[in-house]
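Per-chain numbering from 1; labels A, B and C assigned in written order.
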């Protein structure tokens, strides 16, 4: 697995798309820092970009990478390695190089700009962690979807729809539930909904690190209290990890049954 | 050495192998399983050490150099390949540090060829190996294959170039609609059909089988 | 200013005539402050030497000047009030007063002034007094540069740092107040000024102000108070150049205005409060040149408020700019700077060519379904806000700033 990861990592890291991805984060972070002149505000704007772009691009890269590597995967499968190792190795290669592109892209401008205030370091860390988690989750999701669909177009379509659902429609659905059940206490359902969707969870985790979380009135305080406790933190991390683990199990299952 | 037993394969809804069984160079047949040198391949990737596979397409990790790519496969097989002479034989030396992305289709196919040969495995499985090769490389490649055959290696060659099959094969399996139409010595087939090339012999056989509309008619 | 002059004149006159000085110290003939007051006549000066005096219930019923040297400490040992002034023109300065204790029968205070005029409390330090300084029915007093510090554990365990009840023409200036229920409490107080005070970390309000008309408060800092500042049931109020900041509790307002009318609020800074300015039942208030920075809700104005004007304020980086509960607005927003404004200024006159709508659809949703706050800054909400901006259906169409400024107002 490590060998396949190693070469796949080299390969993706040197791809011009990874470099474009890196440059995208580098330039947007740099310009946000310059324009807003305020680390905390830059983090909020960056959060919006990260929560939208990382899942989308991870998904697209993942699907593209999978379909482009089909022949290579066939070749690897003819070699004396387990299927699991081929797919997990490729998965790690792609996720880690994308995560590296993203991390360097936001880290360098922040270092340039002076990551001096300790509060902002913590905010930055949460933001970076959220981005990395999202990368791993959405690359896994894209592999899973592509494995299930041999048809490239169909795979692409499903991947984009899945992204659209998790990034946009899911929140619409929450709002619809809120509107329909307005008479009931909704704090707990809201927390559960948030925990289930990695994009929402990342958004809430980052927001709660920022000052504005404390200014969100009574309900905001309820959420803040939940996610601020060790239990809440553990639960959030667990939710992210469960996403990754379940998807990897899925990839493993589908790939071992799949007829290549 | 290679046994196929009741193998089915389809791409989507299109069946390409309908319970094909065959036995290449002796051995025994066991239902619905593939044995290589007597090892069942199911849940056992170790058998693939014995195999050199040459796929039809050459879309490999495009940002790796030729050297890295060969090293990767060596790493994966945990074996040192004897690529040196093969690389010079196919004039690949000067491409060693180039990214695969920057190579032409023919050059990539040569890399492909080197890759499948460099471990000198006991079984070769090659899918249209000569497509895209320049004439010089093609000749050299075929000579290598013949030498390996003489060394007692098993070669499974998939090709639609019947001249190539005629030149290289001791035994041909002709598949149509997922069934084996013919399995045997190409020379015997040519003699049976009274043709001087394999191509014509096969064409003659197909006419008969279409008329009878029984795909299994010539299986033996 | 008039009052100070009169006071000076009286003091001067008395000093010239018959002023005597009584010194109090541990080893002096007069070793208790209460004793010194008994001995004193109107216009005398009592000087307290450094040391700790365990006294309480010191009744000052003469116009004397009590001055501490190097901050002598009067310790009430948690047994009762320390100084009780019932005479006019009393001066108490540079004294530390501590530990009055609490009682269920009486609101104890460190210094109490009742039915007196022209008293001055200057530079005193009050620690762990239930109420700090308590004025009732007293006029024309000055409370200046005192430090009132409580160590409460719960609201019922403390009173207010400075408490005025039925008073007129007082000046509360430059005091530093913390750790009480309310920092400054006014009820039925008129024509008074609150100037340059710092009131922070109070359990409830930094300033609590009721039925007190014609008052002026400026250049104060109110920060980190449990519920911010509350100004209620008053008219003709001036609030200017104050800082309202870091009032972060779920129920906090930078400033809460309830039933306030004909008042002026200008050049204040509202920064990092849950709600910057909350207005309910307010009329004819002019709110100009204020900065609203990084608040959860910059302005919450309920529909019962009418004819208020928001002019030339800066709204910078607030999560929500304006929230209201009515579909029609009867207040004017004009020429404000909104950091959320996304319009343009083609004619370069410094005024955006498209009106700004500070009430977002999401503001409205959160107002009606508070848990929806969890969707804050989600892509779906951004899209929803955008759609509503393009074609308003729910948000009040009349609540717009038709002349949004392109650059921050400098004031």
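Note that in this section a residue touches a chain if its C-beta (ideal position, glycine included) is under 8 Å from a C-beta of that chain, and two chains touch if they have at least 3 such contacts.
None of the values given here were measured: they were computed from a predicted structure.
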item	value
Co-neighbours of chain C and chain A - touch as defined	none
Farthest-lying chain, centroid of Cα atoms versus that of chain C	B
Chain occupying the most central position, where position means C-alpha average	A
Chain pair with the most C-beta contacts	A-C
Centroid spacing, where centroids are CA-atom means, of chain A and chain C in whole angstrom	47
Rounded Å distance, chain A centre to chain B centre (Cα mean)	42
Intercentroid distance (Cα basis), chain C paired with chain B, Å	89
Residues of chain C defined as touching chain A within the complex	248-251, 272-275, 294-297, 317, 319, 365, 368-383
Chain A residues touching chain C - in the complex, by the definition given at the top	38, 41, 44, 47-48, 51-52, 167-172, 174-175, 178-179, 182, 186-187, 189-191, 193-194, 200, 203-204, 207, 211-212, 214-221, 223
Touching residues on chain A, where the partner in the complex is chain B	3-4, 6-8, 10-15, 68-72, 74-76, 78-83, 150, 259
Residues of chain B touching chain A in the complex	9-12, 45-49, 51, 53, 55, 57-64, 68-69, 72-73, 75-78, 99, 115, 125
